[in-house]
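Structures follow.
In what comes next, subunit A is part of two complexes: it sits with subunit B in the first one and with subunit C in the second one.
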Partner chain A sequence: MTTNPTITIDGKTVPFREGETLMEAATRAGIYIPHLCHNPEFTPHGSCKLCTVQVNGRNCRACTFPADVGQTVLNDTQELNDTRRTITQMLFVEGNHFCPSCEKSGNCDLQGAAYFLNMLDGHFPYFYPSRQMDASHPDVLLDRDRCIFCELCVRASREVDGKNVFGIAGRGIGNRLVVNSSSGLLKDSELDAGDKATQVCPVGAIIVKHHGFEVPIGERIYDGKPIDEVSLAKEMAMGEGENG
Partner chain B sequence: MPLTELERGRVLEIVRRHGSEPTRLLQILREMQEEFRHVPGEAMEIAAAELGVPRPQVQGVAEFYSFLSLLPQGRFHLLISDSISDQMLGSRELAAYLAEKLGVEPGATRADGRVSLGFTSCTGLCDQGPAGLVNGLWLSRLDCQRIDLIADAIERELPLAEWPGEWFAVEDNIRQPGLLLTGPIEPGSALKLAVENGFDAVFTEIDRSGLRGRGGAGFQTSWKWKFCFEGPEELAICPVDKREKIERYVVCNADEGEPGTFKDRVLLNRYAHQVFEGMTLCAGIVGASQGFLYLRGEYLSLRPRLEAVLAERRSQNLLGVNILGQAGFDFDIEIHLGAGAYICGEESALIESLEGKRGVPRNRPPYPVTHGYLGRPTVVNNVETFTAAAAITLKGGEWFASHGTEKSKGSKILSICGDCARPGIYEYDFGVSIAQILDDCGAENTLGVQVGGPSGTFISEREFSRRLAFEDLASGGSFMIFDQSRDILQIVRNFTHFFAHESCGFCTPCRVGTSLLRNELDKICSGHGTAGDLVELGNLGRFIKSASHCGLGQTAANPVLNTLERYPEVYQARLKSIGFEPGFDLDGALETARRLTGRDDAMAHLEQEES
Partner chain C sequence: MAKKIKVATTSLAGCFGCHMSFLDIDERILQLAEVAEFDRSPLTDIKHCGDIVDIGLVEGGLCNAENVHTLREFRKHCRTLVAVGACAINGGLPAMRNHIALEECLAEAYLQGVGVDNPHIPNDPELPLLLDRVHPIHEVVKVDYFLPGCPPSADVFWKFLTDLVSGREPSLSYELVHYD
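Now for the complex of A and B:
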């Protein structure tokens, strides 16, 4: 009889299946690893670095790193959570995130992560970048001020919608989200309000129009529940769906 | 302005000349840049349609590489190297002089479209700077007199082909040859031996030599080649003859972008045969039929010569089909040009760039050696590594291993620049002391040495007994010397700005962190820092180092961290001495408000109180 291979995460034994990432194994075991650019529906990206864990003493990204026998993984430690808080602060100061006026406030994963990580301020000087807003599309708003370069819309449009509406151009701190059309405007692209790409933005950069504040502030997702609960409930259900 | 019918035809011609292959995208965009002095939006659209790749991907590539521009540049496009060694030779003053002379600001194109000017990262001519590039070609030893002549040639629209050859002249400056630089091997001699004795024998010698990668990381070369041959893990159960059928690639990393490094420039100029021979030997061992030389864009001037060497090798059957008559030994090498992106020196970013994409480092595992170019097993080695491999094949592993130290066998070629009497190329057996090197190149009153470039280590005069070796001071080849007259913070600022400029932007810690670090350091250097800022600088540096995705981010804070540790007093001397002084530039803080209100009058500015 063969036993399932296992790893340990913060001392807890966690089984994994051949080819699984640390994130997948952790999620199935009900362990939350903070993440923003990861969404189990799409190819892992590994860019936000929020899911940084220590594997046998080395920093690795849980969303891309394969689980393997003999791994001792540290996740919920002071040091790692400090790192994650710093990353979250960097994402806040890099863009222009005016939460009180944002339709996504309360449903925003960046905000949710910040609450979870006990982020109380931006810490770093704000960049106040000057980024172009695109309100040209009749049904979808693109507010680049809020973009955190997770590329979920890029992946959703490519992998699910088959449209390649979005892409990243520029370099370094000058990176920017660009749209697939001659004018560079959303209205001239193939994007429809019902596309997957409009539904996956973890922040308020891509917003479907005509649906403002249907759920009042105070009753939104992260107003009531912390992101670990919300994320695990959603992603564990997805995992079960896949296996069932 | 829309393209004319003729221009649209030219765009299509360029794309089709590259077989409408998406992997050729960067090469295609380079040619468009050359043709139109920029990459027109319409041309991107045509390329996207013809290549079958989404438009944002084409735009993403066009905007990623510094040498590609979306706005028209001048018919003469001048770039001045902004490397610290060039700055020390007066490059900034020369650029200002040139800007005034030509009536164009750095970063701009003159209204008549004749000339544009800008700064660029190290051009690899640190031993003969101040240096620059005109339409991508090297300009060495710039001075005011030369600049007068250049400006005059530009105003007369004198074609580059008619500019005096000495303006482009680049010396090899080999000052001290060692194990490899005493002379190139006879072209084809190592390959002949390999064909006679078999590639297993060659592999045994490479293994015995203990050769480690010369790019800086120092991975054992024979292991890398072995892993590439063995291929991905899922093939482990396959019989060897079946494994041989998968495509493999050999890539020579000639994206020598580390500021202060120029040894590959010299190896490619004088030892090109030997470099290609090393690649071909590697191909024979791992079973690759296609090779690439990834040549940094700054080395465009070397291309014609390298193409000629490749042509010569094909005519001698040292490349091509059934090499040296051995049935099935097929291999050829293609040159891919970079376009101004330091990150492409990182092997997985280099592979992305070879595939015609943005130079963004991949997630690992899987590693390039098993899942590299187009997902196939790929060896990526430094120019010097291939040069050494060819010599080892001919002279034996023992010959090589008898030099150097236990953990660092053989020799290392250094590019020495900065404050010394004889900058140039020096080759030493590993284990040599820094003091010895400084003595040989005529360095006096040395304050410190940047070993291995900005991503390496800054050592102070108290450490000159340390040794050049993987186990002590590793170096990809850069060796920059600074004497007592230099301002350490000026050096650190140059490096820190460099990394912020070169960050690819993929991961948060490096994308945001390198810019924050740059701003924090600038604040301290401009005299607005407080004791808290110094603590912040160190914390930020350590964070970027531990949290970043690849080697760029993991080393970007080294200049700050190295010097904070060695020269805390230099930083402290720049701090504001008064406790209640605001920790920021009052006037600078109003900049956003000025921009928003469109005001820039005297009343919109604040004097900082000095008490």
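Now for the complex of A and C:
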């Protein structure tokens, strides 16, 4: 009989399967590692850095780092959560995140992560970047102000919808989500409201129209439950589904 | 009786919603009045801090030169300065004009807007000059604490002030932290 290989996360022994990432092993064990660009349905991207954990003394991204025998992982520590809060603050100041006027408020993962990390301010000077909104599509709104460049829509459109509608162009503060169509507008792309790419945005950058503010304040996802509970419940259920 | 702590408040580029929310502490204001007294505040109509106050609450961001002047003077008089609400913390809804040139904003409001009568851009010397962008207050002065929310609920004010007055490090639980 062979025993499953294990790692430890915050002192807890966690089994892993060959080829699994730290994020996958942790999720299966019911351990929440904060993340935004990670979604178990898609190829890991490793861009938001929120899932930074310490593996044998070095910082790594849990969503892309393979689990291996002998790893001692630190996750829920004051230092790492301070770092994650700083990363989240950077995400807020680099975009235009005006929660009071956003349809996604209360259901937004960026906001949920910030609440979880007890982020009370942006700390850094705000950039207020100038970004173009695209309201051309009859059923889908693209509000670039809220984009955090997680590329979940890019991956969903490519990997699931088979359409390749979205991409990221530019560098640094000039980074922007671009649309693959002759005019560069969403209305001339192949995007449909039912596409996976419209369902995965963790913020309010891609919004399916005609559904704004359907859920009243107090009943939205993160009004009652913190993101660790919400995320684990969702992603552990997805994992169980995969394993039959 | 112990000396009462002094609380001052000011509203910059805000909507007074945070002040209204503060007053939503309702009858608890009587308990607060036992240990604290208001100095400069729109609630007392005192225009300048008399001396050094213990806690200064700032609602609103900075949209004009007068806001900056008021904030700097306020900071000098407050031992502890608190940014209250979305506008003070990240500019809030007024900052949604930040990607529009100031000239365009003024033209839309005073020259081309629907129903504008006698179109001209107000230029009375009494009017404070607008900043080209709206800024949160931490970009201009040192801020000691932040109370997020649009507005922060009355319970946020209550928890924060009771913590501070009791000598505890203020902390807001999950339910009390929201940005809308």
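Quick notes
Operating definition for what follows: the second predicted complex is superposed on the first by the 244 of 244 C-alpha atoms of A that agree within 3 Å, B and C clash if a C-alpha of one lies under 4 Å from a C-alpha of the other, contacts with A are read in each partner's own complex, and residues count from 1 in each chain.
Convention: a contact is a pair of C-beta atoms (placed from the backbone, for glycine too) under 8 Å apart; a residue touches a chain by one contact, two chains touch by 3 or more.
Keep in mind that this is a model prediction, so the values were computed, not measured.
Superposition of the two structures on subunit A leads subunit B and subunit C into a clash. By the touch criterion stated above, A:Arg131 is placed in contact with subunit C alone, subunit B being left untouched.
Look at A:Asn96: by the touch rule set out above, it reaches subunit C but stays clear of subunit B. Number of subunit A residues touched is higher for B, counting subunit B against subunit C.
Of the two partner chains placed by superposition, only subunit C is touched by A:Tyr115; subunit B is not. By the touch criterion stated above, A:Pro226 is placed in contact with subunit C alone, subunit B being left untouched.
Legend: residue contacts after superposition of the two complexes on their common chain; A:Gly170 is shown touching subunit B, with no touch to subunit C. In the overlay built on the shared chain, the residue A:Lys187 is in contact with neither subunit B nor subunit C.
In the superposed model, A:Val179 makes contact with subunit B only, not with subunit C. Clashing C-alpha atoms with subunit B appear in a single stretch of subunit C, chosen from 24-32, 42-50, 60-68 or 96-104: 96-104.
On subunit A, the patch touched by subunit B and the patch touched by subunit C overlap at residues 125, 128. Across the complex, subunit A meets subunit B through its residues 44, 46-50, 52, 59, 61, 64-66, 83, 86-87, 90-91, 93-94, 124-125, 127-128, 148-149, 154, 158, 164-175, 178-182. Residues of subunit C that touch subunit A in their complex: 83, 86, 89-93, 95-96, 98-99, 133, 135-136, 138-139, 143, 145-148, 150, 172, 174, 177-180. By the touch rule above, subunit A contacts subunit C in their complex via residues 92, 96-102, 105-106, 111, 114-116, 118-123, 125-126, 128-131, 217, 223, 226.
Residues of subunit B that touch subunit A in their complex: 41, 45, 54-57, 59-60, 62-64, 341, 358, 363, 365, 500-509, 511-516, 519, 543, 546-549, 592.
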